[in-house]
Amino acid sequence: MKVSYFPGCTLKNKAKDLDLYARRSAEVLGVTLEEIENWQCCGGVFTTSNDEVATKLSSVRALKEAAAKGQPLVSVCSACHNVIKQTNHAMQNDAFFASKVNNYMGQEPYAGETTVYHYLELLRDVVGYDQVKAKVVNPLAGKKIAAYYGCLLLRPNSTMQMDDPENPTIMEDLIKAMGAEPVVYARRNECCGGYVTMENPEFAKRKSLDIIENAKAAGAEVLVTACPLCRYNLQKAGTDMPVVYITELLAEALGVKEVTNEQ
Amino acid sequence: MQAITREQLINKAVALLADGTVKYVLGWKKGEFDYDITPAVFETAEELNADFVWNDFCGANFSKYLVAKTRKLDGKILVFLKPCDTYSFNQLLTEHRFDRDKVYAVGIPCNGMADIAKVKEVCGDGISSIATEGDALAVTTIYDDEPVKVAVESVLAERCLNCKSKKHVAYDELMGEDGDTLDSNRFDEVAKLEAMTPDERFAFWQNELSRCIRCNACRDVCPACTCEKCVFDNPTSGVENKAPANSFEEKMFHIIRAFHVAGRCTDCGECSRVCPQNIPLHLLNRKFIKDINEFYGEYQAGAEVGSRAPLVNYTTEDLEPGEVFDRRDTNA
Amino acid sequence: MQVNGYKPLIVAFCCNWCSYAGADLAGNNRLSYPADVKIIRVPCSCRVNPMFILRAFQRGADGVIICGCHPGDCHYTSGNYYTRRRMAMLFSMLDYLGIERERTRVEWVSAAEGAKFAATMNDFAEKVAALGENKRLEDLRCKQ
Amino acid sequence: MSSNKKFLQEELTRMSGVNPKKCMKCGKCSGTCPAYDEMEYHPHQFVSMVESGDIEPLLNSKSLYRCLTCFACVDRCPRGVEPAKLVEAVRLVAVRKQGANHMTANDVPAMLDDDIPQQAIVSAFRKYTK
Amino acid sequence: MQRIGVFVCWCGSNIAATVDVEAVSEALKLEPGVVFSTNYQYMCSQAGQNIIKDAIAEHKLTGIVVCSCSPRMHEATFRKTAAAAGLNPYMVEIANIREQCSWVHKDVPTGTEKAIILGKAAVAKVNLNAPLIPGETPVTKRALVIGGGIAGIQTALDIADAGFPVDIVEKKPTIGGKMSQLDKTFPTLDCAACILTPKMVDVAQHENIRIFSYSEVEDVKGFVGNFDVTIKKHARYVNEAACTGCGACTEKCPQKKVPNEFNLGMDNRRAIYIPFAQAVPKVATIDPNYCNMLKNGKCGVCAKVCAAGAIDYTQKDEYIQEKYGAIVVATGFNPISMDKFDEFAYNQSKDVITSLEFERLTNAAGPTAGKLLRPSDGKHPHTIVFVQCVGSRCDAKAEKGKEYCSKICCMYTAKHAMLVKDKYPDVDVYVFYIDVRTPGKNFDEFYRRAVEEYGVHYVKGMVGKVVPEGDVLKVQASDLIANKQLHIDADLVVLAAAIEPDKSARPLATKLTASMDTNDFFTEAHPKLRPVESPTAGVFLSGACQGPKDIPETVSQAGAAASKVIGLLAKDKLTGNPCIAHSDEMMCNGCSTCERVCPYGAITYMDKEFRMPDRTTAIRRVASVNPAVCQGCGACTVACPSGAMNLRGFSTQQIMAEVDAICK
């Protein structure tokens, strides 16, 4: 099947791995990620104020393009997914906001018809973890992997509706499907410090250390994440805990990691 | 032009009669003219071949006839239901008005029905025959032997132009393709009236309702009006009246009738179709439907069997009667 | 009550348990309201049939008010909730037909609210009187 | 409350969609906030001060730029108050003023290192500037 | 045509000062049907009543109108007067010319004019009155109590002591309910078992009480005084009469790994079990989900060791039919699931527990024999954090918890804190609260003792996150008074979970046609004045099924419900209010509209054969009103589109006649 794909600025730049492994793995699983034409940066964060219109237009453009193709819109970056999903939710539920957006955009009005998936949801709900498991050629047996969700994947739950926001399993179940052992720890949905790292790196470091300590205490050997900023903050904490993108592990398990490296 | 042909319907009916599934067929029959089609009961293939009619004037909603027919006839009845008829069918089942086991319902698609008043606007009075020719009607009048061609689309009834659903919500068997519920503009007319001043509204309705001759056709055809005895026919009800005595009584009749069917009316539009004075009676019912949707949440009578009508339901947070105006005024 | 020389006729339907008792309390406390208001006792506001209201207008009433227990306090637990829906619908329809909104009202009056009863009736009578005679819904033939 | 305060209060509740009157003052938002120790005014105080119209101190506080918009308070509030949306609205009122950007392009180079993802920069800009 | 007498009262000067009573009685003489009209100083006096009685006899009156004070004052008086004179009491109508006329209007012409109109309306109504006779129904002198917790036990004992037979239906294998799981009770700290188990024994030994344990109500038909109930007795695979409760089977059963629900799964029981030592009835029950014999026919150990030969693997569910005059609902409550609150890590750590689990942990008969040990590693905790209001007082839109205050948590948490400090004074105890709610006798004193004498740390604020790390629970919370965020390393976290009605309540309410609120608590007939009766006649409410309650409150409500039941069962016959709805079968459509608005479930339908106008016959569905259940609100009369439904005493025709008389 083919789905529309919104990579986002960071995946074209500092987080090329996240993007490449996601595409490679998807192909193995029978899904082609079709990049949206002329996509623009989502802005990184969703501005919750309902009088903020212009900051959400790039998301609506991407959503409309997917709608025109009749495809779901998929992103890998947690931040992009959060912004797009919240924008789509607002288009569906806030008629006043939607009318203002549609005034800006002109032509065909958009009312939130597109289904928005995070890459993980695509794997769980469309492809199916059974299918993932069946395609694993290089099981990550014996690896104790701790999933780090951060805040953006799960919250606000009323909009994101991805998983139990306090005790999620979507990444753990994928880790299991890849043949590794998931490590559950309570701080996996606490914030890493996010963009405040720009102004206050010490603070982000403290937050990230708390998370890493908690994962370590639970026996984690490696942390996985789907967000470049989370990965950055966790790595900057300066511990020996490796932090990798979940797509990288997936590519490894599916046996397509080396292919990408050779290129 | 309808998607299903007369022959297909007759073949279906004959087959069901032959294999004993049904004993009777409720179908359409030509009346005095080609356009005043009336419901009729058929029992044999011969009768069907002779008199069964299916054309762009078969608007009659058969659901209501099932109340009397199932009670009277001692075998299973085949009924052909257009999408809008199925809503009335369900509503009557919700109200236990007939025995479902005595009915074999065949859903048939409908492309909309013609409005004879609109045909007459084009061709004038004195119509002697109407024949369907593809997407057009060939209308012959007594004044002219050469038939006038009228596109069916141009004379569709108002209720069909604002069709709410091409989807059948009840049937035992479906002929042809099932459609979807539609986003119709059926409340636009109501909204237009709401936007008028009270004086304009009063003038509008006075003009319309003053034409009422109290023939009771609207009541008699209405699939929600199946009362064993109507309050307006009941000498002990205190509101009995047989004929319009004054301008108030038409209002009383029409308000009470609309109120009695509120939450039960499926918006089939039969009332307006049969009104000999062309009073847009559906605008009263639609007003209630629109209010119900706005005040108590979307509700479509007959969409499912057993649903609880809004007027026999409540929430503790319902709006106050005094607030209905505030609400409209701020919406307007 | 007279406004511009017009004395209205007002029919008030009061539920036995709350509003009728509230009217009695207004009497006990000698709180006056216009004699134009005539009360009909019903067991519950949900006993009020729209036909009664139209009948009153037909026979020359200028205003009709329905009083019941406050929502949640109905003696029969849910009667006034039905009243609320029915009257919201009926009033909306009358308005749609071009009838003056001020001629109909629903008010919740408890048995303890004698003062509210009197104040409500004063206010309602004044508003109805200001509208003058009920020409639109009145039946000339029935009026003597 | 002065008319100016009232206007500001109404503006904030309109922008955020938050009704501060729903708050039952349990403090769970502040109990859960990861940036609590960085803030002079804490999430529950934002709610309480907007409710009482005491908004000026919030507009001038650095706390506005410490909220991570991690939505922990939004998801965990038992009353559905959504404090983070209120913080965001106050911040927007602050930065929408002429020349009141919290961060400028000139500030950025000093904050960068080789690894920092673009996402962090655009996010900070969206949060701190207008 | 009626022969109507009109009697205008002066009420001293109360009426006569503002209303020309003579003019009123004269004017009403001219009304249709009126054959006699008079006025008198005090109609309610003996002399006044005699005037009425004499006039009824002399003028052969068939109906009377009294123009006097409010019917709420003297309608009953004048009805008795009429009855004494041989007139049906429902042929009396009152025109209220005092409270609603003379007292609210100032001048005589106005008052008189209005009094005449009110009199005319009453005359118009009486013209259409018909004699009414209240219906009578017999009462089955037996009560059913659904639920065998402390509420059901107390209600059953009180009814049985008054001499009426009572059946208790309990879905668990034993009665006792939640109270049997508790350790101590507030505010006296006496042990729950010590005060409950004697009552359970009383129930078991009472000659008027039968216990149907491991049973549920399957179906309820009938109405007040005459309920027909089907009770489903689940197969327990043990002959109750033969079992001596010796417990040999429960020791020998090889299936040892069954989570013990009595201890909330904190330890295991066998597949054949007696829930606890003081269970009533003390009879073993086989759990078919775990028994090897029942699952695959291999084992049979219990049958071998049972000296009484009580084991019966072939036992089937049994259905019992019984008639009752009254039904008491006492279905109780449960703590809500903590699944939606995992920021407190209930599903991520064994050491995060609910308060009910804590009760079992401190109970001498519990899984740790009363020693306070952590479920994860059996170590003594040193720091314990209690979190109040978990899932209570939540916004409805958030769809996570309950909107209401669960009422009992503040007190039991103070109790828990005190119990901990009592046994282990070195343990640090924190209680995070939003408000401490202690309305009750000796309640606030109790809570203050926890703070002042026991040194429990009460912190105003809420826990935001619990992080299990290693063997500690890192608790992050706010201290609103200190305006600080606290970080506490705890060993045990106890959540005061909101309580909700038992899941069996909703289907039961449907069977009883009793109404419920949106939280599934049963609704009372009147929130203040009839708090233990359901709006459905003959159905009474006891305990937490009506709303959150502590033990003292539950017991008092249980007693109140019992007294209402006793009052009902003491009657041989029930006399109804004759002003009730009735349906004209000829006009009824059988459409069920009336049934849907009836708050009492008084309307049922039947198929009836009718002769049609064309001389054929047809079967039609028609409504029928149960006169013992209908309360006469009239909601059905307006819902009915055909007008078949009418209300006696307030008929459509009568009210229309009043309207006409007023508007004439």
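Read from first to last, the chains carry the letters A, B, C, D and E; within each, the first residue is number 1.
FYI, a residue touches a chain if its C-beta (ideal position, glycine included) is under 8 Å from a C-beta of that chain, and two chains touch if they have at least 3 such contacts.
These numbers were taken from a predicted model, which means no experiment stands behind them.
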### Query
Taking a step as a move to a touching chain, how many steps at least join chain B to chain D?
2
### Task
Would you pick out the chains that touch chain C and also touch chain E?
B
### Connected chain clusters in the absence of chain E
A, D | B, C
## Note on the structure
Set A-E beside D-E; more C-beta pairs touch across D-E
### Message
Measuring between Cα centroids, which chain is at the maximum distance from chain C?
### Response
A
### Task
By CA centroids, point me to the most central chain in this structure.
E
### Query
Comparing centres built from CA atoms, which chain ends up most distant from chain D?
B
### Message
Need the CA-centroid distance for the pair chain A / chain D, whole Å please.
### Response
25
### Task
Mind checking the centre-to-centre distance between chain A and chain C? Centres are C-alpha means, answer in whole Å.
62
## Note on the structure
In whole angstrom, the CA-centroid distance of chain C from chain D equals 51
### Summary
Check: chain B positions touching at least 2 other chains come out as 231, 237-238, 311-313
### Task
Could you check chain C for residues that touch two or more other chains and list them?
50-51, 55, 78, 82, 86
#### Entry: Where chain A touches two or more other chains, by residue
166, 190
### Message
On the basis of the stated criterion, which chains touch which? Give every pair.
### Response
A-D, A-E, B-C, B-E, C-E, D-E
### Message
Which residues of chain E touch chain D once you look at their complex with the stated criterion?
### Response
343, 389, 393-395, 397-398, 400-401, 432, 434, 460-465, 476-480, 483, 485
### Task
Would you pull the chain A residues touching chain E in the complex into a rising list?
164, 166-167, 184-187, 190, 213-214, 217-218
### Summary
Residue positions on chain B within touch of chain C in the complex are 190, 193-194, 198-206, 231, 237-239, 245-246, 248-249, 251-252, 255-256, 258-259, 262, 284, 287-288, 291-292, 295-296, 310-316, 318-325, 328
## Note on the structure
Contacts from chain E onto chain A in the complex sit at residues 339-343, 345, 347-349, 465-470
## Note on the structure
Listed in rising order, the residues of chain E that touch chain C in the complex are 70-73, 96, 98-101, 103-106, 110-111, 113-114, 117-118, 121, 515, 523, 525-527, 535, 579, 597, 599, 631-635, 637-639, 647, 650, 652, 655-656, 658-660, 662-664
